[in-house]
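Here it is, the structure in full.
Letters A, B, C and D mark the chains in the order given here, with residues in each chain numbered from 1 onward.
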């Protein structure tokens, strides 16, 4: 089970944000991206998640059961800046929808909606409309979305923004459990997540304009 | 609690809790009286003779006229509530004009449908674009627009103020509807019950019509009070849910 | 078509609309009361009702 | 996939949903026509099918820009793009939900407006039938426009401009089938079958085009 990136480069508009990034992550391994604002952390994460087309290079997922040529994105959970939850629907409706839509990836099972809300510490309020929750609570529920369906790779973009210390420790515990279960983590963050033996990749940003094109 | 004295005071009726208590007490009575009046009215309606000019179809009048009357009265109730919202910033006034809109739309729909069913045998067409019919149709659209406006806004307080302004602006339509048959020469017959020189309508039709009109009016108030009670409950549920969400944030999160 | 058709049609239309209206108000009220009861059951009360729940406030 | 259909339907019915507003706009547009052309019943019944069709077309355009926009704003679109299901299928389901929430109410409201335009019973039936068959095509065409405009600010206006020219064939055959039902020499079936063909054609082309646009506008 391996997530591989080879010679990735990507651009935003005409600017080359990064180039020639390669890494390999096996079961239980994690990679934390650091760097100042605009250094390309989010861009790299979106490229790995298949939401941006890489300028060069490729992202590949290899494991025993996987068919050749499968998109790596299908093995990933992506938690971006936005929570991907509807304010009009209740928390449980939101989570149940995503549970149904995601389906379980081979090699694991998601937990139920109630248990997922319980494990982010908000068990009693799943019947409330998502819009009634505070920003921190919304973020926690968005995190619960990762638990309802199994994906080996978690791609987290600033997961702990808008969270207090207490909730951060809950997140760290959940991430450690995921890694212990053979998961892979790829995260961008300002705050240290408090993970042991995580690899770190420092993004510098702006690798130059596309001078070879024009 | 010394509530027996204060209940007569208007300002205390403002208290939603007091309103709920009052509503619980009078709603069964109102519903009962409405049912009795409807039974009586319908009995009189079907035992009366037909009109020599319009034949049996005059019986449509006993539904059509009260519904048309209510469509205008409901808007007037909403306009008064809108003043309550804008001038006194009364929470019950917000609830009142919000809940009256669907009821008004329903009665306007009845007036339009029965009018159409009356027009087909009388005029040979379902619909004509004359002043009375058009202005009632505009009223119907205004009701629907107000419902849509209330649904589109998240904050009920702001929605109430915005729709109150719209209600008051739209109130110009009510006199137009009332006097359209006098001002313009239309197919629709002029008023025959409420006139300065007394009703021109035959006594035989007047009684069933009056009873049906009172029954419809009582039905409106029964439904309106019940709908207001529902709306108050809805806002309570929403407030308590918000509070529940806040409280869940304060309790320490459980370690997974 | 006979006049009876138009008369019965208009009474039926009026009856259907009014019954829908009554049904909506009735069911809406039932649903709201159930939600309030659920909230009550999960231990959430109005602030004014918490010390000594009276009839009116507990509704 | 059923989950996506149900979620989108729920969203279109709950507060802020477009179903009621679309119908209301439809009624208003058709109701202002008699003020413009005068209350001549013969004239109204002659132009009735065309007016109802144009009203339905404009109201169908009204809600189109929100089709992918809301999902993009809250980030759901990213997650939908990542899934295993083919994106074409996801788009097709979203189109279906959008039509059920916004298109079908227009079809249901159209007989009422037919009465207001003094149309005959046959004409009303024909117009309703052609709208039932034709409005899905508008949704499928609109999906391409909505997907192209999803990343743009003020995309709503642009969607209308992009979609209207493509919707003209639907309008032509919808209206001509409605007229053919009432005017004797012209047969009803040929334009109606062409309308069915157009809808089926766009049911294939629309989701493919929209999926392609969504993949390429991601940023």
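Please note the rule applied: a residue touches a chain if its C-beta (ideal position, glycine included) is under 8 Å from a C-beta of that chain, and two chains touch if they have at least 3 such contacts.
Just so it is clear, the model here is predicted, and its values are computed rather than measured.
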Two chains sharing the most contacts, counting C-beta pairs only: B-C
Distance from the mean Cα position of chain D to that of chain C, given in whole angstrom: 34
Using mean CA coordinates as chain centres, what's the gap between chain B and chain C in Å? 16
Here the gap between chain A and chain C, centre to centre from mean Cα coordinates and rounded to Å, is 45
Hey, what residues on chain A touch two or more of the other chains? 124
Which residues does chain D have that touch at least 2 chains other than itself? 15-16
Of all the residues in chain C, which ones touch at least 2 other chains? 42
Dump the list of chain pairs that touch, please. A-B, A-D, B-C, B-D
Along chain D, where are the residues that touch chain A in the complex? 2-4, 7, 10-11, 14-16, 73-76, 78-84, 218-219
Contact set on chain B toward chain D in their complex: 116, 125-130, 134, 137-138, 141, 144-145, 147-148, 151-152, 154
Parts of chain B lying in touch with chain C, wherever the complex brings them together: 1, 17-18, 20-21, 24, 55-57, 59-60, 63-64, 67, 102-103, 106, 109-110, 113-114, 117-118, 120-121, 219, 223, 226-227, 229-230, 233-234, 236-237, 239-241, 243-244, 247
In the complex, go through chain A and note every residue touching chain B. 118-125, 128-129, 131-134, 136-137, 140, 166-167, 169-170, 173-174, 177
Sort out for me which residues of chain C touch chain B in the complex. 1, 3-4, 6-7, 9-11, 13-14, 17-18, 20-22, 24-26, 28-29, 32-33, 35-36, 39, 42, 44-46, 48, 54-57, 59
